[in-house]
Every structure is written in C-alpha cells, then in structure tokens.
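Below is one structure, written out as structure tokens, with a few remarks after it.
Chains: A, B and C, in written order; residue numbering restarts at 1 for each.
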Amino acid sequence: MNSQTTSAARSSAAPLQPELTKRKLLVLAWLDRLAPVLAALAVIGVWELICRVFALPNYLLPSPSAIVTSAFALDPGIWLTHTWATLRVSLGGYALAIIIAIPLAVLLANSRLMSRTLYPMLVVIQSTPIVGVAPIIVVLMGAGEMPRIFITFLITFFPIVVSTVTGLMSTPEELKELSRSLGASKAREIRNIQLPFAVPYIFSALRISITLAIIGAVVAEFVAAEKGLGFFIAFSTSFLRIPQAFAALIVLVTLSLLLFQVIALVQRWLFPWSLPKESR
Amino acid sequence: MALRLFKHSLFALGLLAASTTAAFAADKIRWMNDWLPSGDKAAIYLGVEQGFFAEEGIEVEIINGRGSSEVVTRLAAGAADMGTGGLPALLQAKAEQTINVSAVMSIYSMQPDLLILPEGSPIRSLADVEGKTLGTATFSASNVIWPILLRSNDIDPDSVNLVRMDPGALGPMLAAGRVDGTINWITKIPSFAEVMQEAGKDVEVILWSDYGLDGYGLSVLASDRLIQRNPDLVERATRAYSRALALAVENPRLAAEALKAHVPEMDVELAAAEFEASIPLIVNDISDANGIGTFEPELLAKTWEWVARSQELALDALDPTSAIDTRFIAD
Amino acid sequence: MLTPDATIRFQDVEQVFMSSDGTAVQALANVNFSIARHEFVAVIGPSGCGKSTLLRIIAGLVRPTRGSVQIYGLPVTEPREEIGIVFQRPTLLPWLNILDNVTFPMRHKYGRVTAQETERARELLALTRLEEFAAKRPDELSGGMQQRVGIARALLHDPDILLMDEPFSALDALTRDEMSFELLRIWTEKPKTVLFITHSIPEALLLADRILVMSARPGAVREIIDVGLPRPRTLDTLSEKRFNELANHIRSQVFSRPVAA
C-alpha cells in the first residue's frame, strides 16, 4: 500500500520535474515512511474537531483530549497494575493454548481416528460462545487467576490447532516417504520434517491468537476480576466514566499491537526462512 | 504394636500441630461483594482497614461478583465463604432448588429500586410512566419486580416501553434524552447526577418503596458449610461487619477512603456520596424499631411475597424463615 | 531375462488397493521382470498404469498384495539402505541451506552428520555443479538446480539403486534436456542401477538401456524394449533413425493404436 503510493507519487512527479533533486526524493521517502503516523494523527485531529464543533458530551463520544486528560489524571501505578494483570492473564492463557494446541495438532494430523473423534468436539468447543459459559467456568474454578487463564485459553487455542494441523498436513508426501525409506521413526519425522513445515502456519495462527488472548483476558475480567483492564473498563463504565474507559481501550489496543509485533519479530528472529522472501 | 504406638503418637503430634496453628493463624474468609467496587460496598473495606476483622482473628479476601445471584451461586459452590447480596435473590434461588446458603444479617431494610428522571420530567408519579420509554440494565433484578409493582398500582406494564441495555449505557442514554427515565438503585444517584451535570441537568427520583415495594434488600450471606463447620467464625465476621457498617453510616468519608485504599482508581467524593445515598436504606423507621441487621418476621414474609409474585411461585414454595439464620446478630 | 543374479526382480507381482468407496482397484497385475546390476531401466506408460506403485514397492514403502520383489535375491519387506529416491518434486527443506539439504537424510536418520558425510556432500554438489550454492537456501535456486540437489541428496549414502519418479516432469523442456544429459554424465561417473519413471518417450530413449512399456487398468508390462542405441548418447542420438523408429513403436504401444510414421 505504502510502496504503491510512493511509486505512484514518484512516477507522476519525475516526468514533470526531471531536475528532481536528491533532497526532494529524501523528503518524499520520509513522507512515505511517516504516512501511517500522519494518517493516524489526521484521524485524531478530525475526531477532536468533531467533538468540539458539535460540543459532544463525554458520555456520548469523549474527545481525544478528554481521554488523554482522564488517562493522566490517574496514578500511573494504577495503569501499570491493571495492564500487568491483563498481560499476565493473556500470556498465561496464550502459553497454555500453545502447550496444548501444538501437541494436539500433531496428534490430529497423524491419526485419522483421533482427527475423526476429536475434531467434532473441538468444533463444538469453538462454536460455544465463551462469553456465555464464562460465568460457569468462574463458578467451577473458583476465585483467582485460573478461571481467567482458562477462558483465555479457550478463546485462543482453536485457531492454533486448526492452523497447525493444516501446516503439518502441508508436509509434502514425498518427504514423509523419504523419512520412511530411511527407516526413521515417526517421532523424528514429526520433529525434523512435519513441525518445521508447519512453522509458517503456526506463526500466522500465533499472530492472530495473541490478539485473541487479549480479548479473552478482557472477557474473563468482565466476568470476574479484581484487577485488569477488562475490570477497569467495567468499573469505569459502572461510574459512567466514559473517557476513562476509552483510555483503557486505547491501552488494550496498544498492548495488542505490541504483542502482535513481538510475535512477528520472534518469527523473523528464529525462523527467517518461514517468511516470504521479500519480507525477510 | 510398635507401629500402632507410632501411629498414635503421630496422630497426637498432628493434633497438637493443628491446634497451635489454629491459635496463631488468622481464619481466612473469601468475601464476595455483589457488584464491582462502588461507594455503597464500602463497609467491608472499612472493616478491613480499621482492623475490625483482624481483631476478630479474621483475614479477609474481597472478591467482586456480578450480581446477587452470582454471589448466591458462588457461595453455594464453595467458591466464596460470605458476602453481600439481595435477600430476594436468595429467596428465589432457595425456592427453586437446594441452595445451601443463608442470610445472617440484613443491611437494607428497604428496597433500593427507584426511577431516575431528568429534572422537570413529566413523570411526577408512578402512574405517569404510561406511554413512556424507560431504560434498565439487562440483568437487573429490578426488572422482575417492575411489572408486579406496576400491576399492584393498577398500571398496565405493557403501556411502558422498557429498553434493556448495558448498565454503563444507562447514564448516557438518559443524559442524551433517548430514554425518559431509568430503573436503578438509590446508590447510583451520585454518578448519574455527575453525568447529567455535563448535560446541564439535575436528577429527580421516584422511590419504589413509596409505591408499596417493601422488604429486605442487601443482606450478609454465608454458605451453610461455613456456618456448620465454624459458626464461631461466622459470628465474629458478622460482628466485625456490623461494627464497620455502623462506623460507615457515621462517617461515610472514612468508609470511602478505606475503599480507595483497596481500589485506588476510586473517587473518594463520589464513593462517599454513594454510601450516603444508601444510608436511608440502612437507617430508617424499620431499623429504629427492630435494630440494624435483624430480620423482622412480617417484613421477611413480605419480601418473600414480592419474590413469589414476581417469579410466579406458590406462596408455600418456601418458608422464608428457613433462608435466614439469626444466631449471629448481636441483640 | 530372469537372471538369478539380477539386482531387482519382480515375480508375479499383483497390487490391489481399496479405494475410498470400498471397491477394490487393481493397480498391478502379473508383473514380471528383472533389472541387472548398473542397468538403466525406464518405465513408461499412461497415467494410472501403476508406475509409481512399482517404484514404491521396490523402495519397501508399499507391500505387494501378491507375488514377491527381491533385491539381490532377498525379498523386500521394509525400506533398505541401498536405495536412493528422487521424487517428481525436489521437496527440499526450506529451512536448510543446500549443503544441509544434501546431508539431511543422515541428520534425519542418525541425528548427526559426520565430517566425512559433509565432505561427500560437497563432492556430490561438485558432481551436480552446485558447489557455489552450498550456502544458499532452496528458494534461491531454479527448479532444475533444486532437482539436482534432490539427486545429490539421493546419492549421499552411495546407494546401489536409484529410483527416480518422473524427476524432470516439473521442469521446462529446455531444462529437461539439459538435466537428461546431466544425469547421464553422473550415471557414467557413478554407475548405479536406475529405475526411471517417465512420461516422455524421447527422455526414456535417450537415457535407458531398456524400456518397460506398461498398459493401464490393471497396470501390466506390455513390452520390454532393448534400446540398443550406442553410448555415450548425445544430441545426435535424437536424430538417429532407430531413435525415431523406437519412439513411434512405443507411442503405438502406449496408445494401443498405430501412429502414422
């Protein structure tokens, strides 16, 4: 998208100004790089303007300035406590999902019986609206972090299972035959061939799932929590403090984006070959 | 023989160890509030902050519930030990299934339900709601009482357009004039007033208790398991809570500060105002006559009657006195 | 033809598969032939004639329903050491460089690669003219180069028998011819018993000592042709009279009807 705009800009600018200097090109390159930031700033500006021009009250749509003000009105320690609580639950549920989903996917991909018996069950779990069963999970698992981690796990693990299975199944049949013709064990085949082949699939699922993990943690915190950004949003709206709730939403979105980037970096760092050639 | 002796001495040792730990370690209770932290829940925090529970040898862990029925379920499931919840929710649950939870102390001897209206609303009395649009929280317990209250005042419930929504949307909807009024608890007046202020309006209220809704509301609940296993602990906890409640009534600001110590994002002024708004439910003619915390049989019967009517249950489906345990209230 | 000292020997081999709807499909019927040591045999036939099944039976990946297959006089019951396989697709491992791809079979089987094996892999890369690509990733190589890596990988443990399942069919026509001569060069340098499955009649004629022509449904050996073209074979071989005669003959056999000469 970005590169397209630039090339369009350049190709239209170049014939008109053959003497286009290096300096101008540099400016254009910077504009290209800053484009997403500028776009975001523009949206915020328009948002602020609308709120002011129409004198929208905070309970309808808080202005960006009202959100920022309410965010800074609170002790940073409070933000840290809630963000940390949500992060812990998200990462806990996410880790649990990875630990369970990947071995499960290996089982499903390598056993027709297992995939025939377990897949329908997994689909049932996935089709169950977690928000609906969350209160039951909380009653069953009691107070503390476990029910929240479990709810996050439930929301997170299915995409990882499905994507990993697809990845494992994408292993070329020839390589499985090669492995068999070498007399190598199934375990070696899974470890040396199937799992590496699934890496790109696993990572695309991991990127989706990390954002789902945040959503899962927030859903769980809506249902039962004494801390966390989900709790904080419920708490703020219960006092009709809408700007404060928006500020928490922004923290959540930022957290989501950051974690998404972290997963992408981990992939680039550990498995550069699993990325398309041009994005390495 | 030697083995037996060994076993006996081990047993004795174990007993000794158990008794010493019991003497030194505080009893722990998991206390569940019926909603997110707010000013009207401040008494329990005040009890903890003032050391009333510590003096009774109790360590308290406070958990937030999402409604009275959740408190009842969690207590029954053993996921919490004591807590606060509406007596009607407990009566309803007990009438429908075996729920091993009892009310050990009353907090509100009047019902907190009311209508919050913008200043100068054409709704001057309950009868004026005909043809109007009212907002209510989707899962509010008030929703079940509402039609009964209207019928007992000869108003057709179908004549009111009741819109259900998230509790957080009620204030904005009222301020934006999308609804003519909202169904709430008395404790929500301060935060609604805050939002309405932004719209340049003030709030008015119509109390349901003025139109015949009477009975016990918020009460201290305990799991029967705890009552049976350690009645002494329930008694001590109830005593500590009563002290805290009395002090909170006397000094709502102190209670609000105690709440803030636990929930740092709380606004002390607002929390104090919320608790103050709930005082008439705690201290009133009824409590003056019977004492705070008691369950007066006639009012208890009325509480049950409202529940039975709203849930279409037979009046003999439950003996309301079986839902309460009055041993723990100091006379 | 059925010499007792044959490298590979098929005796009355029959293969029946169960298809997904439960009906039995006969893939091979009454297959008899043998291949001598260091002989280059091509197998040609229409799709679905069981060519690949033939190869997989030799590799010990599929057990025949009836009959027996022997390698050096011993019945094949499981995959054996002396076989190397080259597949239709190069199927390299994208996370390994070219050198590691060549040594992968050893790493996979034993968990480690000896210095000697690495040295041998380098020799094979030299043989397949890929030395300077040792450190590259598979996706940095062309299709033909990738397939040469596949051949080097199959040769790593110096197998006596090389099974090739349409190894050049995914390549473009020019690369294909080039690869054929390349393979001949490698085979001349390192003689092997080769079973080469192909769809291409000129390819079979250019490479093989003998050609097994198969018919479909059920797959059976229709004819075994002695190519008899002189070696070394070059581009000139393609224009020899016998080459064209044999090509027409095989074509008529494969399509079961005469083709205008």
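One rule holds for everything that comes next: contacts are C-beta pairs under 8 Å (C-beta built on N, C-alpha and C of every residue); 3 or more make two chains touch, one makes a residue touch a chain.
All values derive from a computational prediction rather than experimental measurement.
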{"item": "Most centrally placed chain, judged by C-alpha centres", "value": "A"}
{"item": "Centroid-based (C-alpha) most distant chain relative to chain A", "value": "C"}
{"item": "Geometric centre distance via CA averages, chain C-chain B, whole Å", "value": "81"}
{"item": "Inter-chain centre distance, chain A versus chain C - centres from mean C-alpha coordinates, in Å", "value": "47"}
{"item": "Rounded Å distance between chain A and chain B, as computed from the means of their C-alpha atoms", "value": "39"}
{"item": "Per-residue multi-chain contacts in chain A, two or more chains", "value": "none"}
{"item": "Chain C to chain A touching residues, read off their complex", "value": "56, 59-61, 78-79, 83, 85, 87-89, 91, 93-95, 105, 107-109, 137, 139"}
{"item": "Complex contact set, residues of chain A against chain B", "value": "57-60, 74-75, 77-78, 81, 135, 138-140, 142-143, 223-226, 231-232, 234-240, 242, 244-245"}
{"item": "Complex interface listing, chain B residues touching chain A", "value": "30, 35-38, 61-66, 70, 73-74, 77-80, 166-169, 171-172, 175-176, 191-192, 194-195, 198-199, 263-265, 267, 270"}
{"item": "Chain A residues touching chain C - in the complex, by the definition given at the top", "value": "172, 174-175, 177-184, 188, 192-193, 196, 199, 271, 273-274, 277"}
